[in-house]
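Two complexes are shown next, each including subunit A; its partner changes from subunit B in the first to subunit C in the second.
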Partner chain A sequence: MFGITKIQFFNSNLKVLSTIIQQNGMSQYPNYYIKPIYKKDSQEELIKSGEIKKLSHLPTRAALADQTSSFSNDPLANLLINYCMREGNKILARNLVEQCFENIKRLQLEKYHKTTNEEDKHQIDLDPKSILHKAIENCKPILQLTPIKRGGVRYQVPVPITDKKAQFISMKWLIAAGQEKESTVRFNLQLARELIDAANNTGRVIKKKQDLHRQCEANRAYAHYRWS
Partner chain B sequence: MILRQIMRVVHPLRPVTLQKNILAGINGSDSYSTEIKDSVPQEEPTKKNISKAMKAYLERAKEHEDFMQKQREEFQIGKRHLANMMGEDPETFTQDDIDHAIEYLFPSGLYEKKARPLMKPPEEVFPQRKAAEFDESGRPYHFLFYTGKPNYYQVLHDISHHLIELNKFEDSMIRKKIQPDPNLALDLSGYQWIDKESLEEKLVETIGDKDYEYFINCFVRLTAVPYAYKIKDFIFEYTEPLLNQVQTYDAVKPHIDSDGKQFITVYECPRKAARGDVTIRFPGTGKITINNQGITYFEDVQSREQLLFPLIFTDMLNKVDIECNVSGGGPSGQAGALRWGIAWGLRSFVDQDIIEKMRIAGLLTKDYRTRERKKPGQWGARRKFTWKKR
Partner chain C sequence: MYSSSIRFIFKNILPLKTPVQCFSSAPLLLSPEKLQRFRTTESQCLKHKDEHLGLFYTISEEDRKRIFIYGGIPKSFDVQTKTFNETCLMIRQPSLDIINCLRNLDYSKPVVRFVLYGKKGSGKSLSLAHILHYGYQSGFLIVHIPWLGNWMRRCKEYSNSETKEGYVDLNLDAAAWLLNFKTQNSHLLSNPEAKTSIDYVWSKREITPAGSDILNLVDHGINRIKYASDTIIALCEEIKKLSNKGIFRTLVAVDGYNAFFYPNTRVYTEKKEVVHPQNVTVTQGFMSLTNFDWKNGAAVVTVDEIAIAEEDQISHLPRYLLGKEGFEHLDPFVPVHVQNYTEKELTSCLDYYRERKWVNDYPGLDEEVKFVSDSNPYKLMKVCAPL
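This part shows the complex of A and B:
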């Protein structure tokens, strides 16, 4: 009896190893480990829908170093920090993004106090995180141009993109716009301005998105090269 | 198990057939004759037609059986020697005792458990073999023999059979206007399909990755049928329970210190190169001490957030005092080590429900991921040097 369990243990160990190699890319966790649900409210939702029972038998991965259940934690802001980061200097990247949020708050408050009309005052968003979310949402393109070679000629073919890819492109554009500035202006200030502009559906990044869409529209005749 | 099947097939045949083989060889020319012999038994002509494959199989089976018999005897003798060495009764010496004795007599520091000395019954050490699949005339027993994987296709055949039966049953229930009982519905949460290796062991056949995928797909389809609970036993034969998480629940009872406060200490909290220990005192005022400093021991905000994560999650902020010592590694690793230590210690002060929530939030899992080493001839752990033609 004991011997059998031991042999099974070896087998399961081997299985775990093979899953790491085959199915799970470079992850050090076996593929049946679930990702942590570290926000309290998202756990509450799972409890309400009853899906939490399914997770009760599955082991969880450890929460990552930038994940907390604190109210100030925002996954999209974390992503922005990671995209801003150069050579693993997370402390600097986080500082820059936080200063950018501070700048957004200052700029919006200034605007808020300058407006005299009560109705216009209510229109102004003072929450930097909601401005970030709005800006990213507004800058998401729905199409992209990919070069496809047909008959020795490269055609720029419009293709639809996934939501995740669109989000990445939108954030990449926003960061690039923040870096495109005079040498006297800081990145965090420029990024703050761009985010506010994008949240109001104006500015350089929105123009870039519209340009792309226009080009896609112009190249719609090539769209069939995607499959033929 | 399979060995016994071999025995069952081989044993009645062996003494008889081998003799008759010889006999058939001797008077082989006679059996073609048209003369009717009264004294010759009726099996005689079939014996002569024994196929070469069967002959070879019988030889192999005999060889294997002899070998196994020898091994079994050796094992019995070894077991008795071991029992005598350990000063115990050989008659009541169990496999557990053998394992203990081997561990005691041949202590091994080898990391790989397979490489350590072991003594097991030969049935477990030597791979199992299939029993004879065809009779003496070379006709296979199994109707799926010529598929090459009869046992595998038998399972698929069973699945399809069950599927047809269940569909028929469902049709009849629909005709009677009876809905399936949702309380009886098959619940496979907590179970997973057996992996390829164990399936191969079960079937005594080697199967390909695609075969395994097909097998799983068939079972998934079978379980999706509303009346699948009727064939529960068949389905559960090919599942295994998922890992049990019970060990995360049984928290240690807190000790009482000289001030009458409850306290608990977690030693050896690991993360990357950092190691630490955490003491939690309850009730407290939320004082945090790390290496005799406050939370300002960590200069960056992220590490401080990490330290407070389990406290915020369990609403124990300002209700417990925390003292920790940590060394090695960088700030992120140290914070991670202390986060795990605090979460592990807090289990003693919160109820079961919150512990389960903490587990799902990934607080109770040790983060054992570490930096992968650089390899020679490569730029880094995975990245290769830029390829240059010359």
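This part shows the complex of A and C:
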């Protein structure tokens, strides 16, 4: 009895309610919900600093499917999976990135077993995640060219970009390089090769970054169009 | 207490490890004490005992080239061995049990049939590989089909048999198998006593007379692909006779044996009718080899869900996979269950991965991987691949 009246109340007063409850776009959570802290070490830090007392009674969002407390969980790798994803096919995207990691390990181990010198062996990085981090860091551009219209002419103006944008561009380039291959080669293998190359500061993506920088350098005369 | 978002909580305690073995080998960086936990230097399968359970032993490159050059090691594991730069197999209970039996069998009695069964990815084929290695080292004549599914479900070529009405030949596969047989047993086939017992008339001009070498028979099959299937039947009969005489001690090993009894094959007649496996010529030879009407040998077969079509992969138990016909053909047999990794085997496997630098270690890896893979060897391999 009470339940029905409650639903009726909500149905009839939805418009009124929606102004009271703070909306957050399409999200199912209102915007005062805090994001979950799912990493074990960051939880421990909060406990140590005593901040946990404040957070523990705040309404918290549920963790996403890819947010696990596992040590193997890497936010940047998750981001790469999301950038690889097409039409929401996350299972495929995750499989591709995981196979790419597997390929990185195989390629690096092959190198490892080939080298005879003990010192050179230690130089070879066998951790796919650290290779991914290095590759993304190495491919980040500093500047970008933006078309700005001045006096009827579009000028390619070099503009500094934020770190987040640079990271996005870097990952976008890496994925594009992985897709640019012969039809007989798999995406995961090509991506693995590109990542290893980029981690060693060589390869196509690094060249692309340098080309962009060179063009920015050439267009430095237009730089003032940014603000005038 | 904390946030509601903690998904899995793993204890960060590594399991206590105790040294189980006193042999040591130190090919890489780990201390010898740690190596003892998962490796053994005993590459002679004859000496494998219960104390070696869960340890890895190395198959030498020569042996591998001899036994497994035309298959016998699953493809996914083959890739691993290339990456690891060595071929190491884990010594596990099922293969050890069968090896113990083979060691103590009374070979004057009819052949004993062993059936390895287990869920997908639990290590049936690799157990069979271990047994084969034992068979090779202890001087058995090996009759080995690396993967029967390749014949019944993805054969290279098929044609109607000319010698037998209503039968279908798999010429290329049969010739490839003969080559495999020859490489696996070249050291035994040169035995001067290995002669054929009767004349084999292939055509007007081609005759393998009685008293010629078995090697000649095999070579004839390889060179005249048209007669390869018939050669296999002849060879199987000869092997039985020679074993009965005591010249050879034979080990028959078939991976995916249940494909012999699964009606829905991908072998067709010239009229594109599906052929029952019993109407494939080569089947006859192996049916008679897995029968119990001969002695001085043993048969180890695996029944595997993957050898049949996907829609029928319902159960992994031998009665379902073999069907009534197959079960009665093999009965009585010794069923051997291949199970998932035990705690010790799992630790040993992960230690091996760490030593080969295949996984990057972090606290709680063992528990996490065990939980995700359910201790299934194949799944464990897959789960560890991107780590």
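By definition in this document, the second predicted complex is superposed on the first by the 193 of 228 C-alpha atoms of A that agree within 3 Å, B and C clash if a C-alpha of one lies under 4 Å from a C-alpha of the other, contacts with A are read in each partner's own complex, and residues count from 1 in each chain.
We adopt the following convention: a residue touches a chain if its C-beta (ideal position, glycine included) is under 8 Å from a C-beta of that chain, and two chains touch if they have at least 3 such contacts.
Nothing here was measured: the structure is a model prediction, and the numbers come from that model.
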Check: Can A:W173 be said to touch subunit B (first), subunit C (second), both, or neither?
Finding: neither
Check: Of the two partner chains, subunit B (first) and subunit C (second), which one does A:E102 touch, if any: first, second, both, or neither?
Finding: second
Next item on the list: Identify the partner contact of A:Y112: answer first if only subunit B is touched, second if only subunit C is, both if each is, neither if none is.
Entry: second
Check: Touching A:I52 in the superposition: subunit B (first), subunit C (second), both, neither?
Finding: both
Next item on the list: Would you sort A:Y225 into first (subunit B), second (subunit C), both or neither based on which partner it touches?
Entry: neither
Next item on the list: Considering only touches as defined above, state whether A:D127 meets subunit B (first), subunit C (second), both or neither.
Entry: second
Item checked: subunit C versus subunit B, contacts on subunit A by residue -> B
Check: Of the two partner chains, subunit B (first) and subunit C (second), which one does A:S70 touch, if any: first, second, both, or neither?
Finding: both
Check: Where on subunit A do the contacts from subunit B and from subunit C line up?
Finding: 36-38, 43, 52, 55-56, 60-63, 67-70
Item checked: subunit B contact footprint on subunit A (complex, rising order) -> 1-4, 6-8, 10-12, 14-15, 26, 28-29, 32, 34-38, 40, 43, 52-63, 65-70, 73, 90-91, 94
Notebook entry, point to check: Touching subunit C in the complex: which residues of subunit A?
Noted result: 36-38, 43, 46-47, 52, 55-56, 60-63, 67-72, 97-99, 101-102, 105-106, 109-110, 112-113, 126-129
Notebook entry, point to check: Within the complex, which stretch of subunit C touches subunit A?
Noted result: 1-10, 79, 83-85, 356-358, 360, 362-365, 368, 385-387
Notebook entry, point to check: Taking the complex as given, what residues does subunit B use to touch subunit A?
Noted result: 95-96, 99, 113-114, 120-121, 124, 189-190, 192, 195, 197-198, 201, 241-245, 300-302, 305-306, 308-309, 312-313, 332, 335-336, 340, 356-357, 359-369, 382
